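Two complexes follow with chain A in common, the first pairing it with chain B and the second with chain C.
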Partner chain A sequence: MTWLARMIGIMAVSVRQRLHYRFDFFVTLAANLIFSGLLYSIWRGIYSHQAHPRLPIQVLLTYVLVGQAMNMARFGQAERYGIWDQFTRIHSGDIALDLIRPLGFQTQRFLESAAFFGVEMLWVNLPTLGIFLLLGVSATATISTAFAFAVSILLAFLVSFSINSMFMITFFWVSNVWGTQMTKRLVLEMLAGTLIPFDLFPSGIRWVAEHLPFQAMAYVPISIYVGRITGAAIMPALASQLAWAVSMLVLAAMLWRAALRRLVVAGG
Partner chain B sequence: MIRARQLRKVFQASVPHRGRLAGLRNFLAPDSREIIAVEDVDFTLTPGESVGYLGPNGAGQSTTIKMLTGILVPTSGTVEIGGLSPHRDRLRNSRQIGVVFGQRSQLIFDLPVSDSYELLRHMYEIPLQRFRENLIRFGEVLETGPLLDRQVRTLSLGQRMRCEILASLLHEPKVLFLDEPTIGLDIVAKDRIRAFIQQINHDDGVTVLLTTHDLADIELLCPRVIIIDHGRVIHDGSLIEMRKDLATDRLVCASMGDPTTAAAVAAAFGGEAGMNVVVEGRSVRLTFDQRRIGTLDVVRKLLSQAEPSDLVISEESVEALVKRIYQQPEPS
Partner chain C sequence: MVNLAELRARWTHLARVYRCYLWIYGRRLATNRADTAMAVLVGLVSQASGLLMLIVLVQRLPHLAGWDFPELLFIYAFARSGIALAAIFLDSPYTVDGTIHTGALDILLLRPVGSLFQVIGRAQQPNNISTSLTSLGLLGYSIAHMTIVWGPGRFFWLMVMTLAAMVIRFGMLMLVATVCFRTKFHAVLLLVGQATGYMVYPMEIFAPPLRAFLTFVVPLALTSYYPAAFILRPGSFAWVPWVCISAAIGFTVACRAAWRWGLRHYESSGGLAAVWDG
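And then the complex of A and B:
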């Protein structure tokens, strides 16, 4: 219990740190809405020429807009807070100050990231979803679907955190964060399934995408929301998400441990 | 409390190729060479000791501090702090040490100072009661009370450094590492920080290892000095003994009635071996090694020549002394 109080205490300070930049949230909210509007028009345009669409238009639009509202891939919550901060810490050597604390480096980063995820969900993502619902996007079919969706989003965050944290290891060698970041975002957006639903992929690529960890970041929760994953299929989907989350977290922790060992042995 | 044995740290540094296609070769197969940052460093600090760790820029002090705090792993040799190996038990060791890097900040830039302390309270699991007591007790000398609600970004360097030092002590560490804590500070701020370091060393028995380039810090705070250069310890002992052994130069400065007398006095000392004579208007400055030329003899001879209107005899300053030690040739 004291362990939990300690973690919450640390997260609370991170929350305060994020709330300091309130204007950020408005910008993110606005960017979210603009991107959503753009994708909405594009998909409308494409569908007006489709005679036999693979997905009904209402399902497709809901899928795309919920994906934008949750924003797990392109400007994912787990990435934005950490990226610049981590990059500057590594390049300035301030990472030394994280290494003299009685809490593991990766645990410190996770608490910060989780705090940011919580704050941003409340300030940006849920309000965006609210706006979409008012504009006529369908809600989940049942309350229990909504609940499964919420659980799935939490698991998606864990996967997203671990993938981004592995990505941050490249900062030890790379100085062009912006470039690598853009590349990563594009790849993530395709493979997480937020840009184009997997249903529209050619079957080979779809099979690959469904067996990579990235789909656990967005494809699973959004598919639950729109009812593409439903009933008896929900539990196995959540279980595989959990399995991905656990294995990716372990992998990220191992890679960071190795990177830090290299740092402390070789010097920064 | 702190034991370093045969401590050694070697870094790999890349060396650029020269000559034909140097750029391409540097890109494809960069050459590297070993740089010895710390070599054969041995020392022991007993609990409650306060030691100055001196050396010119790049001598290896920061590398040593990083090994003592567990941020760097020694290439060979051992380090022990209160029975723990800093890099093997990094997390446990972090609870018994406090660290201040004068050039870095451990406070959260955008938030009030108190929020950074709040974070440390949870990190180090400091009981609330102790936390509050420490804030008040340490805050008295450091005068941080009025700063707690200020955003870190608005603090002056001196104010920030006082807050940094308080931050490093909230969890009541047994050992405090200070890496250039007074760098860039004004005299008042320096004084306050020195008074505080003295207090926690005397009253709380905190072991202090301090690196600095301001020798006044050392004179006031550290009875013992370790000097490192080119990665090796070149002196380890008390400051008083260092003075006795090494500060052998004396300066006799005499003011005469007029420039002619001054020139005549200078001429009388001119031929003497080991004597450095400078005339500036009416005054004569004589510098010599008192082991070779007796100070009294010099004064007697001076008085036999003329009657100075003022006479000052002084010892070499610690600064001049350390400068001399730093300038010793590099061992090959």
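And then the complex of A and C:
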């Protein structure tokens, strides 16, 4: 049971770290609401000028707002600090301390991320979704859809973690953290389908987006929520998310192992 | 009585110092090649993502709020180029927090040039170089595909409005940033900065209260849509140059006053950054 105590210990420390800066969560919540409001206005305005929309307005607005509330693609405060911590560890040499701990490096990062994810979900994502529901965004059609959506969000987190892990490897070469974060955010927001549903993409870009892992972070869970993926189609969608999650986690672990073999810590 | 010769000498000196800052900036870009490549990539990805959004939004509409596609592209490119140019040359609001809280401001205060000028000169943002270049390309493309005639007058207003938009954005962010003299307020600054990314569409698509908020309370619309709309349709937006230029002057004066207020209340926190900066 020692390993379990260690894991719980790391998660508890991470939760305490995040809860120490509660103001950041309020800002993230405020940012979520402000940007969602702007996006809502943009889509509503556009649709008021469209005679034959491809998606019903209620479905589109629900898609966009749920996408903003449960956004795995956009970086929240928790993820941002995780990335800065990682960058600082690599450049200060503190990563050496992580490597001698009695838990694998990737396991430590995973536990931290899982703790951040849990805290941010409780402080930001679910409250945002609750506010949207009060403002008239449609709820899921059935309890089973809500359950499938919750499972899909957990799988989306695994994909999100693996992509973040791979992205952090760039810190061995690059010190422009803001730039790398921005690039990742922009690529993910577009290709994960949080800003625009794939149904509205030009066909070529849609085909590409549907065959990349990013869609497992947002498009699949939100499509389940709004009922674009229903009934028998839900299980294959979840299975594809799981397949992406497992393969991306394995790939991330392999890349980190290779990167750490090259690591030289010059003091710190 | 203002001594013109003295004033001229002072401005020449400041221009020389600013040239030194730009030279250092250029050297930094050349030295940190991986970072520079990443900065170029950010700009390109950001532009591609914004353009894709615009194309998806208007692909089935011949007009949006009375604007056709080349005009919408112009509005988009004007807003993006203004933001990008402001970020390249006037990105200092984002560095105020660090400058104050690490004690680096102590060093700036010892130097024989104004501290606000140094804070502006030290902060350039390479991530926006490719955004500004591609935005200027998009501006050229949209101008070439418009039905209206582009004479010297329109180009003159394009330059004036771009400059005004840059100064308004800078002033707005700097006013928020000067609060860092009293508290750690960086998150709000990031919020205002990120909101500028949504100001690339015609204001008519927003509800009137939101439109009024973005024009008169947090005047992001004065840095994007309204100046572009004035350039395209001066008759319908004749009030814009007056408001934009007044806002630019007003924000400059307010910024200077806020900075002076901040310095009066500044208590050095010391710190190693001050030593390293020297």
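We adopt the following convention: the second predicted complex is superposed on the first by the 252 of 268 C-alpha atoms of A that agree within 3 Å, B and C clash if a C-alpha of one lies under 4 Å from a C-alpha of the other, contacts with A are read in each partner's own complex, and residues count from 1 in each chain.
Here is the rule we use: a residue touches a chain if its C-beta (ideal position, glycine included) is under 8 Å from a C-beta of that chain, and two chains touch if they have at least 3 such contacts.
Here the structure is a predicted model, which means the values were calculated and not measured.
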{"item": "Chain B versus chain C as contact partner of A:Leu126, first or second or both or neither", "value": "neither"}
{"item": "Which partner reaches more residues of chain A (counting touched residues only), chain B or chain C", "value": "C"}
{"item": "Touched partner set for A:Glu189, first chain B, second chain C, both or neither", "value": "second"}
{"item": "Touched partner set for A:Val27, first chain B, second chain C, both or neither", "value": "second"}
{"item": "Partner chain(s) touched by A:Asn176 [first = chain B, second = chain C, both, neither]", "value": "second"}
{"item": "Touched partner set for A:Leu97, first chain B, second chain C, both or neither", "value": "first"}
{"item": "Which of chain B and chain C A:Ala139 touches, first, second, both or neither", "value": "neither"}
{"item": "Contacts of A:Thr2 with chain B and chain C, given as first, second, both or neither", "value": "first"}
{"item": "Partner chain in contact with A:Ala243 - chain B first, chain C second, else both or neither", "value": "neither"}
{"item": "Interface residues of chain A shared between complexes with chain B and chain C", "value": "none"}
{"item": "In the complex with chain B, residue positions of chain A that touch it", "value": "2, 5-6, 9-10, 12-13, 16-17, 20-21, 92-94, 96-97, 99-104, 261, 264-267"}
{"item": "Touch list for chain B against partner chain A, complex", "value": "9, 11-12, 37, 63, 66, 69-73, 87, 90-92, 94-95, 97, 99, 101, 104-106, 108, 110-111, 115-116, 118-119, 121-125"}
{"item": "Residues of chain A that touch chain C when the two form their complex", "value": "23-24, 27, 30-31, 34-35, 37-39, 41-42, 44-46, 48-50, 52, 54, 77, 170, 173-176, 178-180, 182-183, 186-187, 189-190, 195-196, 200-202, 205"}
{"item": "Sites on chain C touched by chain A in the complex", "value": "32, 34-35, 38-39, 41-42, 45-46, 49, 52-53, 55-61, 63-65, 126-127, 187-188, 191, 194-195, 198, 201, 204-207, 210"}
